[in-house]
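Note that chain A is present in both complexes that follow, paired respectively with chain B and with chain C.
Now for the complex of A and B:
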């Protein structure tokens, strides 16, 4: 009987597979990305390296010395104070304390302040509180401190916002009305996001993280790219991270454009050029984990997408890694064996500049 | 529409395009109504109640599934997101639905899918209603564990699975 190696399914379940079966899954995952994105698959050597990483005997693995990359944290201090649904550990701590723990105990290279709702829209009524907290963080911390939240255009549609829900309109075959609603929500979102970041820049914020761009489809990306462009014009030295929600920009509108490019249907290597053009300093490409496939399949697919984004990118790529992204299983507390293997593969095979 | 479904799945066409195609197909079928055998082409494939379970406010994925099912010819009653579990039962009774679709995007709300199945059993409805589950943390193994009839990974697969179960 062939030796079997421990790995996981995309939902985190432990499984054991032979080297041959793991390699077959890596090849299939790479092929899926190459087919969908019309990008090169990984080479045989790269797939062999991935196989070595996955079958490495240690519980955790690490990058080779000299290949360490910056690590940036999202969601602010909620990881300390939040409950398990937020991947938090439920330790009561202020946001300042949480951020400083990340800086001084966890070795974070940059950090962000985030509100518990973690979307831009709900920050508007509490902007003074966010400004005060940001100012205190800036006075106490050394590493770059950004403000982060999700563009989350979903909050602009009924029942949460003023614009009619495009999903409802679409089901009623009101296609142009749905598209108009998405565009209007996007324009409203641009005003909100720019306004919020203007206020935070005034108290010494180092920059902004647009987290999960495209979560509500192409309208979400339209709003984010235009916000980035406006902020870059007003704050030439501001640090801007454009982090995506998934590998594909879904076309809820279908025809929205940025700089003459239709946003719907863009894959990571096509998204990054637009983010750079809008004025982002860093791009955060994402590949979602398929819970029904093995971590070998997911990692092969994810690294293939990320490698093509890195190669196409004029700016550094800090890949999004965590619960349900980057080849890591979909679990509230992602298993360390999968996290370290996926991270090592991203750095050493995809060549990402940071995580 | 089959070809549109393939292109949708590959990220080449999107919801508005699917709806435009479905609209055009309906108009075409209407024009050809007299040429077709009585009723053929216009009959609904089945009645489906679809929603995101209580505690979970995610709407978009479920809305895409509803739209794709509708475009494929099913009568779909989308009852929204964060839906109290009893509402699924009430709507199924009201519409005499053949299937219920249960969406959950969070591991913490997945349990709601199981609880709806339990409610169907308690109400003596389980044998008459097929159950489809979906959402990022759901899997085929989860569907089997809770006694659902199927798991669909995405909107295109939801259409295929619904047809398999109801036709």
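Now for the complex of A and C:
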């Protein structure tokens, strides 16, 4: 009987597979990404290295000394005081305390402040509170401190927002009306995101993290890229991180463009150039985890997409590796064996500039 | 999970020099190799030393750029960031705002 090694399913469940079966899944995952993105698959040596990482006998693995990269943080201190919906652990603490815990106790390389709803739109009514908290954080902290939130264009559609829901319009075959609604929501989102960040920059914020760009499709990316462009023009030294929601930009509108490029259907290696053109300092490429596949398949697929984005990028790439992305299992407490293996593979094979 | 990433691949922030490398990536869009080269040259250490808590602890205290433990009298917050500005040759927004306030 062949020796079996433990690994994980995309939902986190522990499974056992032979080395040959793990390699077959790595190859299949790489091939899927290569086929979808029309990008090169990993080389045989790279797949062998991934196999070695996955079958490493230790519970935890790490990069070779000297290959460490900065780890940036999304969601802010909500991780400490937030509820389960934000993957928070419910420890009563101010956002300053939560941020300082990340800096002094966790060894975070950067941190961010985030509103409990973690979308830009609901920040508007409480902007003074956010300014005050950012000011106090900047007075006390040493590591780079951004403001982070999701563009979340979904909040701009009925029943939550002023623009008619494009999903409802499409169901009624009102396609051009749906497109108009998406564009209008995007333009409104640009105004909101720029306005919010103008005020936070005024109180000493280091910069901004656009978290989960494209979650509501190409309108979301249209709004984000144009916000980045406007902010870069106004604040030449602002730190700007552009983090994506998925590997593919969904074409909810289908015809929106940035810099002459249609946004719908872009893969990570095609997204990064636009983020850099708009003025982002760092790009956060994403590959979502398939819960029905093994971690070997997901990691092979994810590293293939990320390596291609890193090679195409003119700016640093900090790959998104939270729950359910970047080869990490899709659950709120991803097992550290899977997290550390994905982390090492992403740095040593994909060559990412950060996580 | 973030701690697992930090332990597996991270530069451990103020425990070593992770915040300095991240600042150069953000302020000058430097790729990881360039950012490490830049910071290690400024500190007079090797790139591998940037993630070495033993090496960086003493350097951070000497340069007064913020240390991970609470050392009485060491620069903290904006004071530490003003020393980081001088070290890396960059401007940090909150330091600019602080200078405007006291001008």
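Following the convention adopted for this analysis, the second predicted complex is superposed on the first by the 354 of 355 C-alpha atoms of A that agree within 3 Å, B and C clash if a C-alpha of one lies under 4 Å from a C-alpha of the other, contacts with A are read in each partner's own complex, and residues count from 1 in each chain.
The rule is simple: a contact is a pair of C-beta atoms (placed from the backbone, for glycine too) under 8 Å apart; a residue touches a chain by one contact, two chains touch by 3 or more.
Note that the structure is a prediction, hence the values are computed from the model and not measured.
Peer 1: Could you classify chain B and chain C on chain A, in the superposed arrangement, as clash or fit?
Peer 2: fit
Peer 1: Given the touch rule stated above, what does A:109 touch, chain B (first), chain C (second), both, or neither?
Peer 2: A:109: touches chain C, not chain B.
Peer 1: Quick one: angle from chain B through chain A to chain C, Cα centres, nearest 10°?
Peer 2: The vertex angle at chain A equals 170 degrees.
Peer 1: Figure out whether A:32 sits in contact with chain B (first) or chain C (second), or with both, or with neither.
Peer 2: Touch partners of A:32: none, neither chain B nor chain C.
Peer 1: Which of the two partners, first being chain B and second being chain C, lies in contact with A:320: first, second, both, or neither?
Peer 2: A:320 sits against neither chain B nor chain C.
Peer 1: Just chain B (first), just chain C (second), both, or neither: which does A:281 touch?
Peer 2: A:281 sits against chain C, while chain B stays out of touch.
Peer 1: Tell me which touches more residues of chain A here: chain C or chain B.
Peer 2: Touched residues of chain A are more numerous for C.
Peer 1: Could you tell me if A:140 is touching chain B, chain C, both of them or neither one (first, second, both, neither)?
Peer 2: The answer is second: A:140 touches chain C but not chain B.
Peer 1: Does the superposition put A:254 against chain B (first), chain C (second), both, or neither?
Peer 2: first
Peer 1: Just checking: does A:347 make contact with chain B only, chain C only, both, or neither of them? Give me first, second, both or neither.
Peer 2: A:347 contacts chain C only, not chain B.
Peer 1: Across all Cα pairs of chain B and chain C, what is the smallest distance in the superposition, given in whole Å?
Peer 2: Comparing every C-alpha of chain B with every C-alpha of chain C, the smallest gap is 17 Å.
Peer 1: Once the two structures are fitted together, what part of chain A is touched by chain B and by chain C alike?
Peer 2: Chain A residues touching both partners: none found.
Peer 1: Of all residues in chain B, which touch chain A in the complex?
Peer 2: 10-17, 19-20, 22-23, 59-60, 63-64, 66-67, 70, 76, 78, 106-108, 136-142, 151, 153
Peer 1: For the complex, give me every residue of chain A touching chain B.
Peer 2: Per the stated touch rule, the residues are 9-11, 13, 36, 84-85, 154, 165, 167-168, 170-171, 173, 175, 178-179, 215-218, 248, 250-255, 264-265, 267, 288, 290-292, 324, 330-332.
Peer 1: Under the stated contact criterion, what part of chain A meets chain C in this complex?
Peer 2: 60-63, 65-73, 79, 102-104, 106-110, 138-144, 201-207, 237-239, 241, 276, 281-282, 314-316, 321-323, 328, 333-334, 336, 339-340, 343-344, 346-347, 352-355
Peer 1: Considering only the defined contacts, which chain C positions touch chain A in the complex?
Peer 2: 1-15, 18-19, 21-23, 25-27, 29-32, 35, 47-48, 50-51, 65-66, 68-70, 76-78, 80-81, 84, 91-98
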